[in-house]
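Across the two complexes that follow, subunit A remains constant while its partner is subunit B and subsequently subunit C.
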Partner chain A sequence: MTTNKTRRIIAAVLCLACVVLLVLGAVNLPKKNNASGDAILGDLRVRTLLNATGDGVVESYVNIAKKEAQAKAKAEGGGMSAIRDAVKKAEEDTRAKYENAEFSQGVVATPELLTAIDNYTAALAAHGALEEAAKQAYIDAHYEEAKAKMEAEREALLAAGKDVPEEETVEVDMSGFVPTQEMLDAEAVVDGAYIGMGEALKVIYPVLDDEALASLQETIDAIVYQPGDSFDTQYDRYLEQLGTKSSSGGYLIRHSDDLIYTALALLVVAALTVFYEVLVAKLGIPRVIIGVFFILLCFMTLWYDLSLSTLLSNTVVRMGMNAVMVLAMVPGIQCGISLNLGLPIGLVAGLIGGLLTIELGIPGWGGFLFAIVVGSVIAAVCGYLYALMLNRLKGEEMSVTTYVGFSIVSLMCIAWLVLPFQSLKLRWPLGTGLRNTIGLDSTNFKHILNNFLAFKIGGFEVPTGLLLFVALCCGIVWLFSRSKTGIAMQAVGNNPRFAQASGIDVDKMRIVGTVFSTVLGAVSILVYSQSYGFMQLYTAPRQMAFVAASAILIGGASTTRCKISHVLIGTFLFQGVLTLGMPVANVLVPGSTISETLRILISNGIILYALTKSGGDSRA
Partner chain B sequence: MQSEYVLEMKHITKRYGNNTVLSDVSLAVKPGEIHALLGENGAGKSTLMNTLFGMPVIHSTGGFEGEVFINGSKVNIASPQDAMTKGIGMVHQEFMLLPGFTITENIKLNREITKANPVSRILGKNLETLDMPSMSADSRKALDSVGMSISEDTLVKGLPVGYMQFVEIAREIDKTGMKLLVFDEPTAVLTESEATQLISVMKSIAESGIAIIFITHRLDEVMAASNSITILRDGKLAATRSAKDTSIVELAELMIGRKGESVVHAEPRSAHFDTVAMHLQDLKVNMPGEQVRGITMDIYEGEILGIGGLAGQGKLGIPNGVLGLYDMEGSVELFGQPLKAGDTKEALNAGIAMVSEDRKAVGLLLDQSIEDNIVFNAMQVKGNYLNKIGPFTLKNSSQIRKTAEEMIQELDIRCTGPTQASGTLSGGNQQKVCIARALCMSPRFLFVSEPTRGIDIGAKKLVLETLVKLNREQGMTIVIVSSELQELRSISDRIAIVSEGKLVDILAPSASDADFGLAMSGIKPSDHNKKEG
Partner chain C sequence: MHDLRKKINLAEVLRANAVTIMFVILCIVGLAFSGQTVSYVMYELFSRLSRNAFIVLALILPIVAGMGINFAITIGAMAAQISALWVIEWGISGLPGFLTAMLMTVPIAGFFGYLIGNLLNKMKGQEMIGGLILGYFANGLYQLLFLFIFGNLIPLKAPGLVIKGSTGVANTIDLSTDRGFKYALDGLVRVDFGTGLYIFCALFVVYALVQLVLKRSSKKQSLTTVAVCAGVCLVYQIPFVAQMFSMVTVPVVTFLVVVLLCLFNNALMKTRLGQQFRAVGQSRTVANVSGINVDRVRIIAIMISTVLAGWGQLIFVQNMGSFQTYGAHEQVGLYAGAAILVGGASIRKATNGQALLGCILFHLLFIVAPSAGKNLFGDAAIGEYFRVFISYGVIALALVMHAWSGVQAKKKKD
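Moving on to the complex of A and B:
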């Protein structure tokens, strides 16, 4: 009772904090785009400018000193080297003298300066907009050309038997870009405004000379205007230039969106504290933890101003490319061989199908279907033999499947070296054997599903074809689970003695499930490869079964029970945590491999957890 | 004070929670006597012995009430080791021998005779050397006293079963200060000649002054070996008799007794059944713990046949063997057609259905819904409740729901609906789901195995009434296998009693308690009565 009460009090406090933050955020958010925000920015801009021109003042003193030294040396009738030394010495002395001097300290901007700065800013923005539009137009006009060129280069490399670089995006060469007349006009306006501003600055810093001002123009340009500027970027830039952390009033406006995110996060935490027990009972502890972690990551991407929609779009793509592999776990669990960690059998079968497609040079959809059919046939045969072995080792499935998975990967490491493939796309340019990673391209099935009917909503790209294919596979598995054979197979997995007492051939059903799982594995690696853009041979398939197993377990399956919803939820959560985790981890701990560590930790930890539960969580 | 009795247990009461398994039981054993302890399964024999040996299962569940005296002085036996030091030994039913050790090593295990050596002088007694010659001599003496000529250096692994029993006995009598030996069903695994030998060994041990408690259900052995007899029934002391004052018939009667009123009573029928529904010819089933060793009998169409007998005697092996769930030999004919041995699917197709004795392990898919459980067999075996859509044969959900709802109505299955997982139902309702699944097959012949095990009395009544109704209204031939004799007598037309994997006799439900008691201990009542005159 008391814990319940405490929990409610905590939730109430959290809600209160949430409301306060929400109000603060809501009040300050509109200021980003209205007058009060502009006022703060204007103020900061002036301070930054004055600070930056302070450096110009030093430059001016240095120039003066240098001239004086030169004149003096000449007057004394020294040689060229003497003059050079004198000038150098004068520069060093002057710089040392003014090193710590703060010229902007206590300087007050004159009204003339303020107007001049405003003029200058407006001119810069106008020019920037023109430049961006012109550049985009240029890129649009030359995109196809650049793409064709890149493909041609790749073809040439392939034909030469060299390694093809793993390039993803087409880069348009901007060297041919010529500024338009409009841009030149705008630039002239900018220069005019800059000179006007310079005059106003000279009033404040009398020592400032034109030379110093000219050398400063580029720096000041970059401070005042950047392409795609918003309140946040300008604010951050000015603060960085000023070398301070915050400015009064600006801080709340700058972080008003973060306040709202925090408020929402607090709301989620409050809801969690109140409904904790219900959630744990319904979903189980691991799913709650991973789910909360995922939500936390979503908020963190917002806090760190990372693009959540792009990341979520990536999550959907990665979910699609992994979902079939996770789905391959379903028939295994249903037929009673538990987690099919011997899935690499199916994966290498699929890879062989894909390799044959490239070897024979079958393009497009035909090639993809050919790969699926060939891969499935090989997987069915190997899966049958694998199932025969599993039937002889009932009760030890977990270790058998694990070792079979490892063994087949090692065996294939030898096979990849000796298989007689001829295509230069597949072979090492020198020596024998297949490459480690084989880049797919438009001549075979790269992104064939991802790009099918794909469309974009804002930053969110929907890989329609991929999702449709996943739905198709899920549909087939679902229909199978409702068929006579499927029901018999599930009974075998659920209770072999019951199935036997009902006249069902237990071994046969286990074979059906294992073969089905293996065939799905073959299909899954092709879906994965077309989305990834590469086929990975050698040791790459070794860990995939573990990732798939832990994804389905996160989704709520146990080693004896699973549903298709477990596949979808689990894949989304698992891939979501990884996709969002990587950029967030890079912000938190730059340059670390913490995301990879996280992946291994989650996938193996979840499998261990599921094994501890597999003994006693039957509803009996 | 020297007592007349070596062991006295007075007014022992033992409860597991609210369940009283022993109530006010007393037992007294004189030195040098063989005292038989008789009773059906669950009568309380094992619990009484566990109490005597101070087994952890007793102490961890709150101990017991009553007192134990050894040689007249009150003792508190805390553990089996404690019992051993007080001179009480046990010859186990399952052999507690190490197969990889010799007979001598087994006999002397943990009581080895040792000699000091230099290492042990420094590091303690645990490192002393074994004195093999004197250990062998001791073992020889013990083996001789049980009449075994086999070398004491033989490995236990590979010895015939009967020999192991004697090694076990030899180990117990080798212990010094042994006052009381408990033999727990020692003859169950022995051949007839071995059993005779065992009884003579027991007699010679008793003559040397050691008292013996002899647990068995074989009445003739009791009469042959024992001096006095204590009979337990339903956790209560039924009677104590001296062997010379009683007869096998009286013992049988005391052992069975009348246990309460039956919950259901079917009208006895005088009708004759003459069409053979099933003929078993020399049926042998290799079901662990329930071996069937050759049964030949006829089951008639339209009757309810009860199969009774003590646990472990093979009655459960009959339905499991016919259905092909365990290896089977011999032949089965159903309505004149031979049934292929070991083919469950064919047996089900031929119209036999079975409700298994092991609901949770065999009878149900605990994680699946009630409706899926009910129609499972009909779907898989007969291909009912299916729709054919293209290449897929899918289940017909609406038809399944309809059948499930009818069954829930008819059998009064208490549930939240047809989609409730069967594992969350109570035992009685689970049993009804099992019966519903059998009925969905519309069988001609129904095996029901232990239908009332572990379910409450209301559900028991309903289950039994359902069986009677099916038999009377649809003429279904039903074979009920049950440990509860009362239940069999209340609804069966005939009752077959199985003992040691063999059919002893087929009795009318109205036969006397004594007849049933005799049959259960493996003696055919008519033969016995003839012999007695």
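Moving on to the complex of A and C:
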């Protein structure tokens, strides 16, 4: 608790605002589904409808004027061109005359019209529900076919030596869709209801003719009913059509859920102002900032009506995708080489394993395991040599490992150009070298972990296999850290002099940690690739070590101490901020790359912070 | 006995300059296989030297002050690009525009340098990795500035700076329009190679003689300078040599600025501040005990370096005639750092000569690598990747060697 008076007052004000918003929200939220909400919607619907039919009235006037002009010109015995000109002029004149006329102004809806509209809406909704169900059934029936077709197209593209598009959603071709008998019946009912409503409208606008009404049907359809309608979508649609500002009552109902979210967000901010010191002392400034930022982002996605559950589901997938890479930092930190920014060595080894799997055409789980084994063996050998080098550079690891990692990546750029892989999935058919991104498909290990035992709860998709694999890796690292070797390794990391004095072979333990970290790096890139669906070569692995390092730092690790929980918390927060940040940023500034900028700032900011904590010795 | 010692010395020299010697060999091999004429390579080399030498020289001070290679010079380059943007916006063209940009760079880069110095003081011993990451971080802020603030919150009116339909400042900023300052410095005096050589030799001779008269240097030193200049001019009289430089034109003022910076570096080292740089560089503890405010000295070194880097970037862009708004600064630290190390500098010791030599060798390799790669392996991309690999590899090698010798020295002490 803070003792600062102003901050207490601020917190109190925030809490008060929070309560007010909560009450407002709670009062208005039920109205979305009860009579008072329906009344507002019904009123708006009629007004929108009348407004739209007003346009139809102009059309009717134009039609009448055109007919008159044509008849008149004919009577005067003019030629074809004269008639055409006269008709055109009449149309322009009429349009100009009624351009600013508001037919819906002052019109009062008759009770007949209201019942007609209700009938029509109900008929449309019934038809819409039927249509949706039928279409979904059609998609379900033809999904496999479409998927097979898409994969055949991919194969054809590969064989032709073109790049495979990264788009991966299966689109079912709807051209073969035939409406069911039920739908046709419902459609007849809709048409009947429309005619009934037309009659009611004709009473209000006597000039309205059947032709104009027919041309209006599609517009009115779209106004009155759209699939998946709720209070919010209808309200927004009517307001947009009418081009007016919302009334305060309507606004409160429309945003009643948002009011509650804002109230909760204010509560978080109030809690932050009060408990700031405690939180900072417990978690450190960066974690507090990023944690609060993440929570506020969650509220913002709700406010902008983005699907939070889908986004959180994506976050979990991306967390699983990256967690092993972050986990690879753990043995490095524990054995005392601090952040292993030379991780690209392991990543590249893993990529070679993956490439070999595709080259040899080993399918499914066998292929994935083969890639892991080959990648790990290469990583172990390279990691051993790398560890030997690091043992000669104690205390200077960070900058050296960074540049060694960069060098390896650019050396491998040359290697990707000259390695003798033959598969057309891997290399450009024309020109030399391997492709920049190698698309995985179901014959390799694409989504092999993500789809294993995966299930859905509402909009939330759980990638069971991926999470199990991450848990397995974490378990191995945890068990290792409990073993005799693991404990000795941590002793070396914590205090090398003490470890040496107690008879531990410091160099050997550092080798163990570095090799372990590098091998985990190799595994991690395969997990990442199977989830992403692509293996990225050339310069792509260069910055990955930084992302992994920053994630574990966000989780609360320092350059000398870390736990498994730091890995999980850090990866979740980091990936969560990025995943939620992108759609929110796109709402705020459309079409911007602000979330990429966000990644740069967070990832490098946290590393800088960790450096100031580790290297901040005395003045001298 | 005497012979033996001489041999050991030779081995020592070879080892100490291993990187430079390796690079000379690489350059010769590359030159042989590139299939380019010497005169073309020289033409390319001199234009690259004129635009890159300044920024490499900006790295010397922090090295002397014991902070290693200042990879945060990318931030100086950002300051320069901010200035360049506004000078174009105001429509100050030509030399006045260039000078305005230089003037504007001073406070901006100085302020950034102050912040960088303060941050690096919090991570002593980790300055290089810190500078690198700080460069990346600042790049994020730079993107925020150019994507969302300039052109949106602060409107820009000059044509071509903002493209309709996209957010922020355009991807490329063109300096060759009538608002820009392309060749503002290079174009002032441009002569062929021979004239340039005579001008600079004459200047050196005059300088040496003045020094002699003022008794600042010994007779021997001054006479050597005069003799070398005369020798170079004589060698140039050989038609074969003259032929090699036939395509080269020399932007006299730009090279003059580079020479001035070398003189500035030397002069600064002789002042009290320069002594303090050196003292701090040798040992922070000793310097602190002898009453030097270590933190302040380090901040000053970084500030000067950042401002100089900004000027270097301005020289670079006025020569190129345009720059990539979001990418021109990114590789500045990498290439300059690699260049100075190639010249034989370490992360504790660097001189003007090493910086210039490194610049020559590094860019020579840059010119010949793609075509040599194409001729040797049938693919120009290999040469491209090779030079990037070399840049990173040289820095990694220098860091490894430095760390290694440090650890060994510690072992000896124990």
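Quick note on the criterion: the second predicted complex is superposed on the first by the 605 of 620 C-alpha atoms of A that agree within 3 Å, B and C clash if a C-alpha of one lies under 4 Å from a C-alpha of the other, contacts with A are read in each partner's own complex, and residues count from 1 in each chain.
The rule we apply is simple: contacts are C-beta pairs under 8 Å (C-beta built on N, C-alpha and C of every residue); 3 or more make two chains touch, one makes a residue touch a chain.
Only a predicted model underlies this, so the values are computations on that prediction, with no experimental measurement involved.
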| task | With the two complexes superposed on chain A, say which partner A:Leu417 touches: subunit B (first), subunit C (second), both, or neither. | result | second
| message | Looking at A:Arg561 after the superposition, I want to know if it touches subunit B, subunit C, both of them or none. Which is it: first, second, both, neither? | response | first
| task | State whether subunit B or subunit C is in contact with more residues of subunit A in the superposed arrangement. | result | C
| said: Per the contact definition in the header, classify A:Lys66: touching subunit B only (first), subunit C only (second), both, or neither. | reply: neither
| task | Determine, under the contact definition given at the top, whether A:Phe498 touches first (subunit B), second (subunit C), both, or neither. | result | first
| query | Where does A:Ala488 make contact in the superposed view: on subunit B (first), on subunit C (second), on both, or on neither? | reply | first
| query | So, A:Asn604: does it touch subunit B (first), subunit C (second), both, or neither? | reply | second
| said: Looking at A:Phe480 after the superposition, I want to know if it touches subunit B, subunit C, both of them or none. Which is it: first, second, both, neither? | reply: first
| Once the shared chain is lined up, is A:Lys508 touching subunit B (first), subunit C (second), both, or neither of them? | neither
| note | Interface residues of subunit A shared by subunit B and subunit C, listed 619-620
| message | So in the complex, the part of subunit C that touches subunit A is made up of which residues? | response | 68, 119, 122-126, 128-130, 132-134, 136-137, 139-141, 143-144, 147-148, 166-167, 284-285, 287-289, 294-295, 377-379, 381-382, 385-386, 388-389, 392-393, 395-396, 399-400, 402-404, 406-407
| Contact set on subunit A toward subunit C in their complex | 341, 389, 392-396, 398-400, 402-404, 406-407, 410-411, 413-414, 417-418, 432-433, 546, 589, 591-594, 597-598, 600-601, 604-605, 607-608, 611-612, 614-617, 619-620
| remark: Touching subunit B in the complex, subunit A uses residues 479-480, 482-485, 487-488, 490-491, 494-495, 497-498, 500-504, 560-561, 618-620
| request: Spell out the residues on subunit B that touch subunit A in their complex, using ranges where they run on. | output: 323, 325, 343-349, 354, 356, 358, 360-368, 372, 376-377, 379-381, 383, 386, 392-395, 421, 423-424
